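Below, each structure is written out as structure tokens.
Presented sequentially are two complexes of subunit A, the first with subunit B as partner and the second with subunit C.
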Partner chain A sequence: MPDIIAAADTTATTDLLHDAESTLGTLSKSGGGSLGPFVANYSASVSFSGGTVNLLPPNVIQIADININYSLGLSFGIDLNDFLPSFCLPQICFFGWCTPKICITWPTVTIPISFSDTATITGDFTVTALLSGADWLVDVTIDSVPLIQFGAGTAALLVAIGAAITAAVGWVPFIGPFLALLADAVLAVIGIAGVTGLLGDILTPFVSGLTFTVYNQPQLFPVLPNSGPNDPEVDVTITALGAVVQASDKNELVISASIAA
Partner chain B sequence: MSLTQTHHVFAGVAQSGINTFLKALFTTRPHYLNYGSPSFVPANTVDATTMPAIPFPGVPGGIQYAVSFSIPVVDLFPPDAGTLSPIPPGNNQFGLHTTVTLVLGCMTWTGQPGNEKGGRMQPIICRLDVWALGEVVPHYFGPGTGFITLQVDDVRIPAIQPECLQNIVDCLIRMMLNGALANVQLPFHALSAGAFQLILEQGPQIDNDMVEVWGSI
Partner chain C sequence: MNTLDSRSLRTGDCFGQKFSVPGEVRYFVSAGGELVPEARQRSEGGYILQVVKAASGAKSKQHNVHVTRKGNTLEASPAKLEIQAGDGVLWYTTDPAVTGFHVAGAGKEFHFSSACIETNAVYTHVFGVPGTYEWRDPHGTSIHGKVEVANVIHRNSDERSQWYESLKQPATFEIKGGKSSPASVKIVVGQTVFWSITDSKGVAITDSQLLPAKAK
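Presenting the complex of A and B:
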């Protein structure tokens, strides 16, 4: 028999999971990816919240609808010549004096976008107790890369890209009549598929191997704090730790510990 | 039957765990078990607690003494097979076994004017097996905060005769043991090895060789 047994039902395990999500905090990553035909550089920060727990013996916690709260800073370059017609202002002569022939060459413009939204995932997580350095952990780790549900976020990102294009090219001479054409053309080549592909590329590394730590205590476990010169801290050593999902009239996450003085 | 029953969390510390906690506590802070008047314990240290001598008219410096307990060993209900306790634990009780060492500073002095009155002190030592019976008492201060203590209700020290002396010694040791065990405050967070902050709803209860509590987080 272990020295200590702690059990949590589905409700309490959900609370432990939500605490673990808060403890995990905000994760960040930057890199590059394809946005349709464009190459976009991004910086992304992600946090997790929510989710509904279902305990599956012997060692699986199924979590549904975990929120992936993400914020993106995107930028990509557009060579406007790829989307807008080239034209020249013809030479005009007046009484022997002629204007030069002016041909418009469109610039390449960088489009910056800031975007935040929430996606969701549902997946099976395996429960594992392990000694990591000087700490005992109970980790729940996602078994495989889940399908990321983006919802309305993809369409919203397309709208944000359109607005960002309009704002970014406003300074370009002669572009006024072509503005709507440009935005429509760029959004058409990116499409929902391009946005979904980029979001998938950005968020997948965050959810691949996603691990929440629902138990984290030092191996030298403090029972009583130091409370004076004659009352030093009292510790016990956690010599072994186990974690399983146990089936009975209601399934429970059961953590068991062996201790030594 | 689930461990959490109608609650959301359960924490249970087995008899072996309780004894490990006691060993850790009393090994780290042995002064909770060792007491003595200044002739035996001149000052408070981590090892022992100094107590005033017992004043008695005509006894120079008072009666010097020392009391120490071995680290108690707890037996949670149901009692261990083959227990030697004359008072084995019943439902929701714990049994406890320790050894008390009583030391009396036996003074001899002349009391004649002009003579040396300091006298001589000869320690007389007696070790007794102590069996006790008690219950776990919760002290709850709010969500996640509280501790449990061990309260001794009865003590038996076999082989003391006559009965009146046994009653006196039993009562004396029960009072001393309760005083010593008052320092055993096992916080809630230790009951679950830190797994969660317990909001106590039921317990502590002693059963299946465990101290058990239920609640939510």
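Presenting the complex of A and C:
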């Protein structure tokens, strides 16, 4: 028989979740991934917010529409010769002189992109109570990697890539007449599928095994303060902690604790 | 590419010099805008240009010399050249590894340099980036001018074809009697500007942004 029992309904559990999202803060990762035919290097920062809780006995918390707020720094290289026609300056004669025919070799350019957006996930999380070091924790951990809903983010990223290409190649001599051709050609080979694939590769590691700590309690904590030389602080030790979703007229997350003085 | 500076020729630049006096001309192709010691003081190395007396009624010809980079050396091809008096030689590069060269040479009664152009010479430059280019002579004369380069953004092949045709029309400056005319020219990206130097005491064509403030 536990000594302490606390219960949280869906509203209270939702508040606990949102606090846990804030506590988790911003997560970062960098690496490389495929952007269509290109290899993109990225650095990503992710935070979570929002979400609506549904309590499912015996130990599942279903959370709908968690926001994944992400900021990306991307870069990838393009050999312009792969996308632009070979181009030779015509021979020109004047003042009795003729210039030679000169063919242009297009350079390889790096396209840097900064992009921020929000995706959403909905998934089942398992409730677990565990002792971690000197603290008892109640964690909710995602069961499997859910489908990440990007919404309009993929199309927006594709637009951002087009704008970044235009900005990045402005210095390339003779690019003006070919600029629209270049942007169209690059975006065509990347496509929505390429953008979705890259975003999925970047965000999945943040979602896989996603855990929110909704309750954190030191195993040893004072219940009465020190009141004098003959009246020392009284501490209590939590010897066992349990967390389950209990069915009732309104399902609740129930946390029970056994203590020893 | 695309720096406007006759002292540092790159892809898209040409320097042409007419040779009217028969004799041997020793010339040098080097990086940077200065040859030390200058060509007139050298009796070894470089490339030899033999200028022979023109045959009666012969028309003047143009001879092209291509400059490339081999390791740390700039090489001119062909290495040997025999021309007739009145012919011109035009130096250029298409080698992206050449980040800038100048050519200077001297015979017994004649000397020339792309960094200090005197007579019967031409400098050409293709403008690949839009903008306004104020050019000046870095040697302190008042010779100057302006090139306004308009951008072109085309969405279809017909427009690009029209643009390509327009590239066949150059714009020109003529430097004569210590002056340059016209004062400015307007072109589109990809067009070539010719500077014809009929006579001068030694001039270079340089983007004023490359020059120290006091020389602007």
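Quick note on the criterion: the second predicted complex is superposed on the first by the 238 of 261 C-alpha atoms of A that agree within 3 Å, B and C clash if a C-alpha of one lies under 4 Å from a C-alpha of the other, contacts with A are read in each partner's own complex, and residues count from 1 in each chain.
The rule is short, and it goes like this: contacts are C-beta pairs under 8 Å (C-beta built on N, C-alpha and C of every residue); 3 or more make two chains touch, one makes a residue touch a chain.
Bear in mind that the values here come from a model prediction, so they are computed numbers and not experimental data.
Just checking: does A:Trp171 make contact with subunit B only, subunit C only, both, or neither of them? Give me first, second, both or neither.
The second partner, subunit C, only.
Counting only touches as set out at the top, which of subunit B and subunit C does A:Tyr215 meet: first, second, both, neither?
first
Now for A:Ala261: first (subunit B), second (subunit C), both, or neither, which partner does it touch?
first
So, does A:Asn230 touch the first partner subunit B, the second partner subunit C, both, or neither?
first
Counting only touches as set out at the top, which of subunit B and subunit C does A:Asp9 meet: first, second, both, neither?
A:Asp9 contacts subunit B only, not subunit C.
According to the stated criteria, A:Leu179 is in contact with first (subunit B), second (subunit C), both, or neither; which is it?
So A:Leu179 only meets subunit C here.
With both structures placed on chain A, which of the two partners, subunit B or subunit C, ends up touching more residues of subunit A?
For subunit A, the partner with the higher number of touched residues is B.
Which residues, counting only subunit A, touch subunit B once they are in their complex?
Residues of subunit A touching subunit B: 1-9, 11-12, 15-16, 215, 217, 221, 223-224, 229-236, 238, 241, 246, 248-250, 252, 254-255, 257, 259-261.
Give every residue of subunit B touching subunit A within the complex, in rising order.
Contacts found on subunit B: 1-4, 7-14, 16-17, 20-21, 23-25, 27-29, 31, 44-46, 185-187, 190-196, 209-210, 216-217.
Quick one: in the complex, what on subunit A touches subunit C?
Touching subunit C from subunit A are residues 89-90, 92, 94-100, 102-103, 105, 171-174, 176-180.
Under the definition above, what is the set of subunit C residues touching subunit A in their complex?
Subunit C residues touching subunit A: 1-2, 11-12, 14, 16, 60, 62, 64, 66, 88, 90, 92, 94, 96, 122, 124, 126, 128-130, 151-155, 159-160, 163-164, 167-170, 172, 189-190, 192, 194, 196.
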